[in-house]
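Structures incoming, each one as structure tokens.
One chain, chain A, links the two complexes that follow: it is found with chain B in the first and with chain C in the second.
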Partner chain A sequence: MSGFDKWLGHSAALLLALLWVLPLLFAIWTAIHPVAFEARFQLTAPLTTENFVKAWQAAPFARYFLNSFILVTSILLAQFVLCTLAAYAFARFRFPGRDFLFVLVLMQLLVMPDILIVENYKMIRALGLVDTIAAIALPYVASGFGVFLIRQAFMTVPSELDDAARVEGAGVLQVLWRVYVPLAKPIYLAYGLVSVSHHWNNFLWPLIVTNSEETRPVTVGLSIFASVDSGIEWAVINAATLMTSGPLLVAFLLFQRQFVQSFMRAGIK
Partner chain B sequence: MDRRDWVYGWLLVLPAMVFLGLFTHLPAITTIWNSFFSTPRGRRPKLFVGLENYQRLLDDPVFWKVMVNNLWFALGTIPLSIALALIMALSVQRAFAGRALVRMAYFTPTVLPLIAVANIWLFFYTPGFGLIDQITGVFGLGQSNLLGSPDTALVAVMVVTVWKEAGFFMIFYLAALQTIPPQLSEAAKIEGASAGTVFWRITFPLLMPTTLFVSINAVINSFRMVDHIFVLTGGGPDNASSLLLFYIYETSFRFWDTAYGATLTVVMLALLGLLAIGQFLIFDKKVHYK
Partner chain C sequence: MFAKAIKSAALSAAVAICGALPAQATDLQFYFPVAVGGGAAETIEALTKDYMAQNPGISIDAVYAGSYQDTIAKVITAARGGNAPQLSVALSVDMFTLIDEDLIVPFDDFIKTDEDRAWLASFYPAFMENSQTGGKTYGIPFQRSTPVLYWNKEAFAAAGLDPNTPPATWEEMVEMGKKLVKKDENGNVTQWGVRIPTSGFPYWLFQGLSTQNDVILANSEGNKTNFDDPKVVEALEYLVSLSTEHGVMEPGIVEWGATPKAFFEGQTAMMWTTTGNLTNVRKNAPFDFGVGMLPANKRRGAPTGGGNFYLFKGTSQEQLAAAVDFIKWITEPEQSAKWTMATGYVAPRPATWDTPTMQAYAADFPAVLVARDQLEFAVAELSTYENQRVTRIFNDALAAAITGQKDAATALAEAQAQADAILAAYR
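So, the complex of A and B:
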């Protein structure tokens, strides 16, 4: 390829990237400038945090953040425990019905709880859990995707390591904890990032099962805040929008490489 | 096979299987079951109605509307997102100044909640006041109401979807491109092949498994992604931008007609089942692996 071609290719890449990031830049622009500069782009426009303060005071975002935080951490912990145990069984134990059960696990890759909203709501109501954070989490704690991913990692562990630990007298769970889990750390990181971002961003199911401030995650809180036709200024809505995406955005900027690799690893295996 | 292995195996899978059963398999079965009953209302219990819900489905113009919308939505977003993803991946494949920034720009929308993405775009679309109208206003063009007009509402929703998805698919292509040995294209260039020939005869065929994988994900997403509709259009005007899952939500949780909601979900399950079968057949035949 000639030098000019290369230069052309890179300019096109930069242009597309600029176009791609423009909507986000606009949102940031309006959020950090006074309302008067909402669509006036001057480099000398004064900066302000007023929009963020207004948004924070106009709705119980502190509570929403706490709810989202509790939600994603409890889902992640439950997923790690349940999926690890099941993945271990599928990777290293032979028992009748194993293949059938594994097919049942894989079915969840296609038939996700996201689309079974009608009957899952009935289930949650039958359990008396409507409008609790547990209700948002429960359908997702046994993740077919998680079982599959961790099983793949466990299968690459040499069985000599497993045998050696057993000869030394380690029990089944000790072998799992001391041999398998440490060797699968990169997979746990990958799965963790995917899970946290997915459940931080999830909207439809939490919208259905929550109806109070004490349980709503930030996504539902944001939609209620922004949809009220009370003439809230755009700048304030954009500030709220950025606020709710903030933790993930900051985490992404800090761990960019891990994020991209995690999504890649999680998708391909 | 050791007896003890059996017990350990079962005990280890038990917790996960209980939750999977309660929130995936059992609901899938009761969905089908309840589609043959009427919705219980107040003191009136549900009654067996046979295929009545399905008859209603066939006669329901809104159902057909959302099915056609979903088809357009899939046709409009999937090929475009995938093509853009491939272009993005190719453009940041080689090192150049600013590559990390470019890649980050492509990928960032993927990290944002869909509901937040919709809020950002709503700011552009709002008639008169929104950014699009401010720009067209400079050129003396009239106001537009992209979200409020039945002809453009779905397209406006699709644009937002592509913006959110393309960067996500890009990373799969990036990973796949790394596995293609550079000797292949070097050899082709020595033979005098143009860049276009190298792409269409070497790179693109070798990326086929990735393209298929990404397509399947994209199809599943086209059924699942409805969050932005809540913010942008609420399915309107006149269901012009409503999709199947959104209609299921409206039927079940706005009009509380859960039996009909279950019937609509059965359609969704059937479509996903077809997808699974198709995937199985294509994976077996059409795609050549290394």
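So, the complex of A and C:
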């Protein structure tokens, strides 16, 4: 690669990065300055935390954060358990109807979750779980995407490793635990990130299936700022947005290297 | 590490499922949307608590349900899932949709005494147009609004206009607009004459223009539209001419959300927007401003907007009767006055305006009376069966004319044909 090519590549990357980060920078700008400086960019503009205070007081965010945290961790852990077992079966066992069943699982990827809302609601109501965190989580725990992804990872594990473990006397689940799961670690990490960010941001289903402060996630708290009839207060809404997306942003920055590597290996981009 | 993770996975999943709280045992469930800032949700919750304190036998679970669109999605899902709330606030224009889905019951069954009938007759007729059909009342007006004209008095004075006189007619709006337009040395406009937002739901403010041109957009049965009426075409041509011919309004689609800001920053000297903005403008406009009725053409006119109370099927008559009692209570002048002052919505009964609280408020801030006085000229907001599809067709036609892709007559004739195809089934 010549010097010019390199320079061109770098500046294109910088430009894209800048475009990507602009909305975030704007959100930070409006959130830490008084409302009057929303669209006036002066370096000397006074700083304020008032927007955050206002946003925090507009809804019971402490409780919402706890709910969101319980929600995403329980979904993630349930998904790991279910998808790992299903993926193992599809990848390494022969049983009648296996391919047909796998196609059925993949069909899930073609169905938009939104069109299932009424059916899901009926099911949750039949189970008596309306207005619980479990109700938000249940429709998502058997993830077709997760099964597919982990199955593909298990398929790439050399069968020699499997055989060697069996020769050492490992049982079926021990092989899964000691051979397959450790080798698929990057896939779990990548899938975990996708799952956590998706469920952290999910809005419509939680809003519909829950009614009380004790069960609602942060996105529902965020929605009260969308006051279209009276004009939108960008400063407060951006402060609230930063606050609610903050934990994910921080976690991503902390584990950035691992995530990027996992994504490269998992092939989700 | 993963062994631990998976063990704690199972554990916390179990904890989450067992530890989740059961649904509260309540007599009534009440869904409400929020479309304005300023603590609307807290006001509703506080009013509900007041009611429960006065009526110990009834407990009401007031559930925040997102925007108007989210609320209708939530309420329809819950009702189809066999778990409808007893009452909900939703857009008044969703009445036909809710009837079509067979989800709501009319209030008439609960109107028994003369006192009840007097209550039902005590709302502004303009608000009841969107609440009644086929001789029955399906909605009780609650958070209702109407668009008004806001103008910047300082900009008027600077342009040599009387700062206390807004335009009264379409011609005056154009003439004054021309005087108010300011350009910098490069010929770029720094201050427009007027701003009529057209993004998202342009039909609403356009309905102001069509009403002023003395034509209604849909019949009260909700099954016939008049989109291709020559007067509707004329109103749309006027709206388009504001930017193309007269140059007093920014060309193209004008954003709703950015409109109050543009007014505060002096990018426009007049704006048309909802009364829901009154409190916001009062708090944030850095200049002296005026609020007036929309200008007239053949007549004065404006649409109404906002939400009504609805009663849902699927629960006992006792619960519904209790719900009606609550609705009666919350629309009483004292409660209604609190609600209007907190949000800027137009109080839906004349009696509210006679309370000492409201009179004191109006004396301090006379602009709130403009919307009330305009109600005399207001008509029902466009509402039909299959409302979302029909208004989408109409919005697309308006946008096509505003952006210059089609002329007004063609766009509206096409919209009428499409609307006819949908509504023929309901005639």
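The rule is simple: the second predicted complex is superposed on the first by the 214 of 269 C-alpha atoms of A that agree within 3 Å, B and C clash if a C-alpha of one lies under 4 Å from a C-alpha of the other, contacts with A are read in each partner's own complex, and residues count from 1 in each chain.
One rule holds in what follows: a contact is a pair of C-beta atoms (placed from the backbone, for glycine too) under 8 Å apart; a residue touches a chain by one contact, two chains touch by 3 or more.
Predicted model, so just to flag it, every value in this text is computed and none were measured.
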Touching partner for A:A226 - first (chain B), second (chain C), both, neither: both
First, second, both or neither for A:V250, with chain B first and chain C second: neither
First (chain B), second (chain C), both or neither touched by A:E214: second
When both partners are placed on the shared chain, which of chain B and chain C touches more of chain A: B
Partner chain(s) touched by A:I117 [first = chain B, second = chain C, both, neither]: both
Touched partner set for A:A27, first chain B, second chain C, both or neither: first
Partner chain in contact with A:R98 - chain B first, chain C second, else both or neither: first
Chain B versus chain C as contact partner of A:V130, first or second or both or neither: second
Contacts of A:V172 with chain B and chain C, given as first, second, both or neither: first
Partner chain in contact with A:V53 - chain B first, chain C second, else both or neither: neither
Residues on chain A lying within both footprints (that of chain B and that of chain C): 39, 81, 117-118, 121-122, 204, 207-208, 223, 226-227
Chain A contact footprint on chain B (complex, rising order): 1-2, 5-6, 8-10, 12-13, 15-20, 22-28, 30-31, 34, 87-88, 91-92, 96, 98, 100-116, 119-124, 129, 131, 134, 163, 167-168, 171-172, 174-175, 195, 213, 217, 220, 223-224, 226-227, 230-231, 245, 248-249, 252-253, 258, 261-262, 265, 268-269, 272-273, 275-276
Touching residues (chain side chain A, partner chain B) in the complex: 1, 5-6, 9-10, 12-14, 16-18, 20-21, 23-24, 26-27, 30, 39, 81-83, 85-86, 88-90, 93-96, 98, 101, 104-105, 107-108, 110-123, 138-142, 144, 147, 172, 197, 200-201, 203-204, 207-208, 218-219, 222-223, 226-227, 234, 237-238, 241-242, 244-245, 248-249, 252-253, 256, 259-260, 263-264, 267-268
Complex contacts: residues of chain A adjacent to chain C: 35, 38-39, 58, 70-71, 73-74, 76-78, 80-81, 84, 117-118, 121-122, 124-125, 129-135, 137, 177, 181-182, 185, 188, 204, 207-208, 211-212, 214-215, 220, 223-233
Of all residues in chain C, those that touch chain A in their complex: 2-3, 5-6, 8-10, 12-13, 15-17, 20-24, 29, 34-41, 61, 63-67, 70, 73-74, 77-78, 80-83, 145, 256-257, 259-261, 265, 274, 276-277, 279-280, 284, 344
